[in-house]
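Let me give you the structure first, and then I'll get to my questions.
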Amino acid sequence: MKVESLISRLEEIAPPGLAEEYDAGRIGLILKGSREVGRVAVALDPTPYAIRRAAEDGAGMLVTHHTLIWDPVSRISEELAHKLRLLLDNGLSLYTMHTNYDNAPGGVNDVLAGLIGLRSPEAFYGGRVGTVEEMSLRELACMASARLGCSVEYVGEESRMVRHVATVAGSGFRLALEHAKENRIDVVLSSELKHDVIRGRGEVALVSAPHYYTEAPAMRSLAERLNAIVPTVFIDDPPRIKTIKWDEIRERV
Amino acid sequence: MKVESLISRLEEIAPPGLAEEYDAGRIGLILKGSREVGRVAVALDPTPYAIRRAAEDGAGMLVTHHTLIWDPVSRISEELAHKLRLLLDNGLSLYTMHTNYDNAPGGVNDVLAGLIGLRSPEAFYGGRVGTVEEMSLRELACMASARLGCSVEYVGEESRMVRHVATVAGSGFRLALEHAKENRIDVVLSSELKHDVIRGRGEVALVSAPHYYTEAPAMRSLAERLNAIVPTVFIDDPPRIKTIKWDEIRERV
Amino acid sequence: MKVESLISRLEEIAPPGLAEEYDAGRIGLILKGSREVGRVAVALDPTPYAIRRAAEDGAGMLVTHHTLIWDPVSRISEELAHKLRLLLDNGLSLYTMHTNYDNAPGGVNDVLAGLIGLRSPEAFYGGRVGTVEEMSLRELACMASARLGCSVEYVGEESRMVRHVATVAGSGFRLALEHAKENRIDVVLSSELKHDVIRGRGEVALVSAPHYYTEAPAMRSLAERLNAIVPTVFIDDPPRIKTIKWDEIRERV
Amino acid sequence: MKVESLISRLEEIAPPGLAEEYDAGRIGLILKGSREVGRVAVALDPTPYAIRRAAEDGAGMLVTHHTLIWDPVSRISEELAHKLRLLLDNGLSLYTMHTNYDNAPGGVNDVLAGLIGLRSPEAFYGGRVGTVEEMSLRELACMASARLGCSVEYVGEESRMVRHVATVAGSGFRLALEHAKENRIDVVLSSELKHDVIRGRGEVALVSAPHYYTEAPAMRSLAERLNAIVPTVFIDDPPRIKTIKWDEIRERV
Amino acid sequence: MKVESLISRLEEIAPPGLAEEYDAGRIGLILKGSREVGRVAVALDPTPYAIRRAAEDGAGMLVTHHTLIWDPVSRISEELAHKLRLLLDNGLSLYTMHTNYDNAPGGVNDVLAGLIGLRSPEAFYGGRVGTVEEMSLRELACMASARLGCSVEYVGEESRMVRHVATVAGSGFRLALEHAKENRIDVVLSSELKHDVIRGRGEVALVSAPHYYTEAPAMRSLAERLNAIVPTVFIDDPPRIKTIKWDEIRERV
Amino acid sequence: MKVESLISRLEEIAPPGLAEEYDAGRIGLILKGSREVGRVAVALDPTPYAIRRAAEDGAGMLVTHHTLIWDPVSRISEELAHKLRLLLDNGLSLYTMHTNYDNAPGGVNDVLAGLIGLRSPEAFYGGRVGTVEEMSLRELACMASARLGCSVEYVGEESRMVRHVATVAGSGFRLALEHAKENRIDVVLSSELKHDVIRGRGEVALVSAPHYYTEAPAMRSLAERLNAIVPTVFIDDPPRIKTIKWDEIRERV
């Protein structure tokens, strides 16, 4: 199909007008390759691995959540040159949907809220807020781990019963926390938990999953939706974070 | 002793002129209590727990690394009011040394580099750089866990041999990484590892410990140094982050 | 009554949406004390005297026109600490209504315009404009002195007949003057008359009363209105400005 | 003499390099008239009266403290057009020395400090600080009135004995007050006393004289110095501020 | 007629609300002369020649496209003083219509588009876009030269056939070019062609005429329209740019 | 030779420290290709033609005066993608020297001043100033045409005798003119003459050559200097600006 027709579909799914202001110039068609697209690849980030896999798969376009160039450049670094060459030589277009897909119906935050099982989800400062069946904080953390498929951290009294939960895909603790306090929300679930957020949490419990696992499910979902109009594959490329556990080290020290 | 004499000593240890520019107005005497100080308490953060403990201990001054008010305020929130009342009613002074103590000789970064065992440490973009005896990345991560007393995460090939290491107390990956690439450094050790940093790490391995554990040792060391001139106690108040491990959850799913 | 109910009433009197943009963060509930308020105190400024008097009077809230912290702070000065302790130890809430009360119907500018006897008053660049019965500038100045209860200064030909008058509570000469010229207004009455305003007055006469006396009447009026729902007292605390008169000194020189 | 030679002399008296940064573009030769200057006129402000008097006196240059155009213009208002025409048609140059003359040795602040009789005067945040023979605040205010030739206002306990005094010509209370507190200064004398300054004065007494009378003496002194090289006249043009005294009105009310 | 009535007519022709934001303070009545205007002069720029001619012609107002003071001033340069004196001594008002007249119906861009013969002209990024009968680029350039009465330069294949043309009076290549690319426009005609614009033109041909000749026709047209209500003269004052042709020099070298 | 060695030589010729502040991030190695460079190409602009010619010539680096990306980008336009692919697929490095080479000894401005034959040239606001043997303005314009090899335009009395000349490579009229007036310079020679510069020229004559011809000679000179250490070719790629002469059109109209 024509690149233009595919873009029309992508803009229906994630209307550019829904993007936050700071995303100006960072979403949409970042690089234009061949005019005809027979296959599409979807990934969270335009990593060399994802680009190479997309090319091997015969894709004409790679759709990602994070863009290729965050801070505008006037030089081409070696890493960027490497990715650009992979894209250019394979005639791959790169299309990015970021906060517009975060905010879109059926987008990143809706998929995350759905995984956690939020009932009556509503928009809430970069994420969603809703209720879960009353359970302890620890039970909520375990459920999040099981549903997202990753380890999670949490801060708060583990036996405290919780019900009102805000979920924010990506790095959203600071903004959501500020408003969670005013709105008597029990828990904020997001990623990239920082020390000052923990210190300023007041009564709000915090559950943190790695950034990748809060957003990748929505890209997998996007691949399924696109597959209805053009063959589309999701490329999974999680960061490989390993952990040394203090419990195990302590014994040895 | 007089507050003024104590401050003179604190300024010798962490000269205000060493602070980063953005710390203007955020270091030094944040709140002035009694003029005479018979005992001193030291903590990483001015948490309600640390203030209460300092008061119970009869301290006239609490010295912290993080300040009471980061973003300047024109209203007093309930949390701030709570801390202020604890301080005011106990006649406690609050004194903050932040990036000046990070940068000072014998300060936060020197203590961290010392714990990791960096040889020939030098200043390096908010932290220190030096060498360790050649070991695998995994061995380095285990050593960091053992020395800091906490779990650590790492990204990179675990068997890769490393020798040139940069350590940055607090949240320092982004800046240090940028320069680590140019300087052929093998590993950056810091805290609050973010997704975009992992994606942009290139060849550099990353080791991340919780913020608290990279900085608290230097506050303990400060308490020991002050104890030579006035009775001083270190108040340990780590954030209680709990982990649900995917390895254990996976089996249950 | 509950703090929340009282605030609802205060917001009816001075809707926050009427505030000038620069007042963002400087109006409303600045500090929250006890949840129940049995008595209220009103004053122009949160001076130590006004806070102490409010506490002695058993008030649960002090309502002022000027706020506690104009320029946002990241340290607590001794003067601020002194006021905060008085407020905190007495469980006093502090609530500020500034430009929202200036602009509100029945607010600061309406009370001032009423005292001067402006007919058909309309909003005018931070104040009100209207007409008075034709009189000489000197007669207007005398009337202002009598009605506000303070000395006043004026600039302009004393015998000139005036009729169109703009009154601006607080420090409002510069903005009002600029537009008074275009609108053929005879006199601007405000406070804190500066040299450059006098030099740039063109044909417009100027009458200046001390800042306090142009605004305090509206706080007294507020106390009367609140008294209908909760016992309320107005605390009068004018600055004590004394004058050495050149006429008397000249003879001695 | 040549305009250029006269300017050289003016720059010796008030070196442009001593001006505050905000005066950039507002000092020096503001308008160039005839190349030859046989007589000079000096005034505090370029009022129509001062320009007309300078022209009648046959002056080729008018030297003022305050400039003709404070906020840069892209239109010519009627008032500015009026002054410009007076200047242009009389071939008058206009030269301004503002904060450079405030700060210069023998300049505005030195003349004011000399009139008040400060001993060992030193530079102090836009003014001078020094000592006077110990006297009561009221006595200091009376002396200021007698020496400056105008009414003065003061705030503080009239019988309090004072010795350390800061004097700032023009409108200098806010900046000087801030530092007066730290430096245990008894009194700040300046002009254009504002309500918030009174409220924030702490222990510092304040004496306020009209702006004109704190600066005009230095322009008279300048005229005398210039007269040594070219016939120079000082044009006195005080603002005519009249006062209605509450003491007298009160009886009538 | 009264200045005010004349201004009403000028505002009908070029409504101030049509001006670009950066023109704030730069359009309208820049200097007010006599209240009665018996004759009007129109010119592109307020040059000394145009002002003198307007005065000789007995005009009470000079209407120009470019203003007297572009960058706001706080000093009066000799050149500005010269023009101001000519205006002031002749009681001439100066009125400027700039981007409001560019954008107005029948204004600068409409007159230019009319001269070039654009069909179905529409607003286009500071100019107009429309079609011409298909002709070669060279033919278009020749036609522009003939209609504007000046030499023109062009860049592009001379025999290429063109039809969609954007015309922008004054200096408008950069903005128009950016959008011409997206809109498959064949040619942009404007003035002040810069090297970087040529380098970034892509497929778009460029025709450049001197700034004066793209705008002066609209001022001539304005004079004709005003003449219907008050005697009005257009003052033609083109810059005298001379050319040394390489073709002729080459032979001599 | 190694890219690094070549860069060392380029930095000797045009030290980065000489660049204007706005060139930060726009000079130096913009894109890194092969590590070994056997041949070098030099051009004014990185046009597709110049890149292709450099590649055909077997160059490993293209050195230009103007950079590839002026305004930093977060997307890759089709034109940029086209150039990047040409560079990447040919392993070409791109190195830019802009204002650093303008200002360097023997750099762009020195080469231009040398061509015009300035005697005792000195740095002058982005260019050079010096003297020529006295000649008429027209003679100077003819000489410039002959030496630069292009048509030139001039403004000013053609028979006026000139001697003090400022030359500024590239687009430098505005800044140089401002200072030429104060320094009694007869002529400014630069490129991209704009209408407002002509109107504000006062007594200063202006000579304008196309941007390309004022800077390309210095790139040719650079190629010759580099040739001493590595085979280097200069690629000439002037913009093809054609002119329709009014003199010839007029007759036909």
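Order of writing sets the chain letters: A, B, C, D, E and F. Residues in each chain are counted from 1.
FYI, a residue touches a chain if its C-beta (ideal position, glycine included) is under 8 Å from a C-beta of that chain, and two chains touch if they have at least 3 such contacts.
Keep in mind it's a predicted model, so treat the numbers as computed, not measured.
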item: Other chains in touch with both chain B and chain E; value: none
item: Common touching chains of chain F and chain A; value: none
item: B-C or A-B, whichever has more C-beta pairs in contact; value: A-B
item: Shared interface numbering between chain E and chain D [over half = same, under half = different]; value: same
item: Equivalent of A-F within the choices A-B, D-E or C-D, defined by over half of its residue contact pairs recurring; value: D-E
item: Cα-centroid distance, chain E relative to chain F, in whole angstrom; value: 30
item: Between chain D and chain A, distance of the C-alpha-averaged centres to the nearest whole Å; value: 63
item: CA centroid of chain B to CA centroid of chain F, Å; value: 52
item: Shared-contact residues (touching 2 or more other chains) in chain A; value: 70
item: Successive chains around the closed ring, taking chain E as origin and chain F next; value: E, F, A, B, C, D
item: Chain D contact footprint on chain E (complex, rising order); value: 25-26, 28-32, 67, 69-76, 78, 81, 84-85, 88-89
item: Chain E - residues contacting chain F, complex; value: 45, 47, 66, 70, 79, 138, 141-142, 144-146, 149-155, 158, 170-171, 191-196, 198-200, 202, 210-212, 239-247, 249-250, 252-253
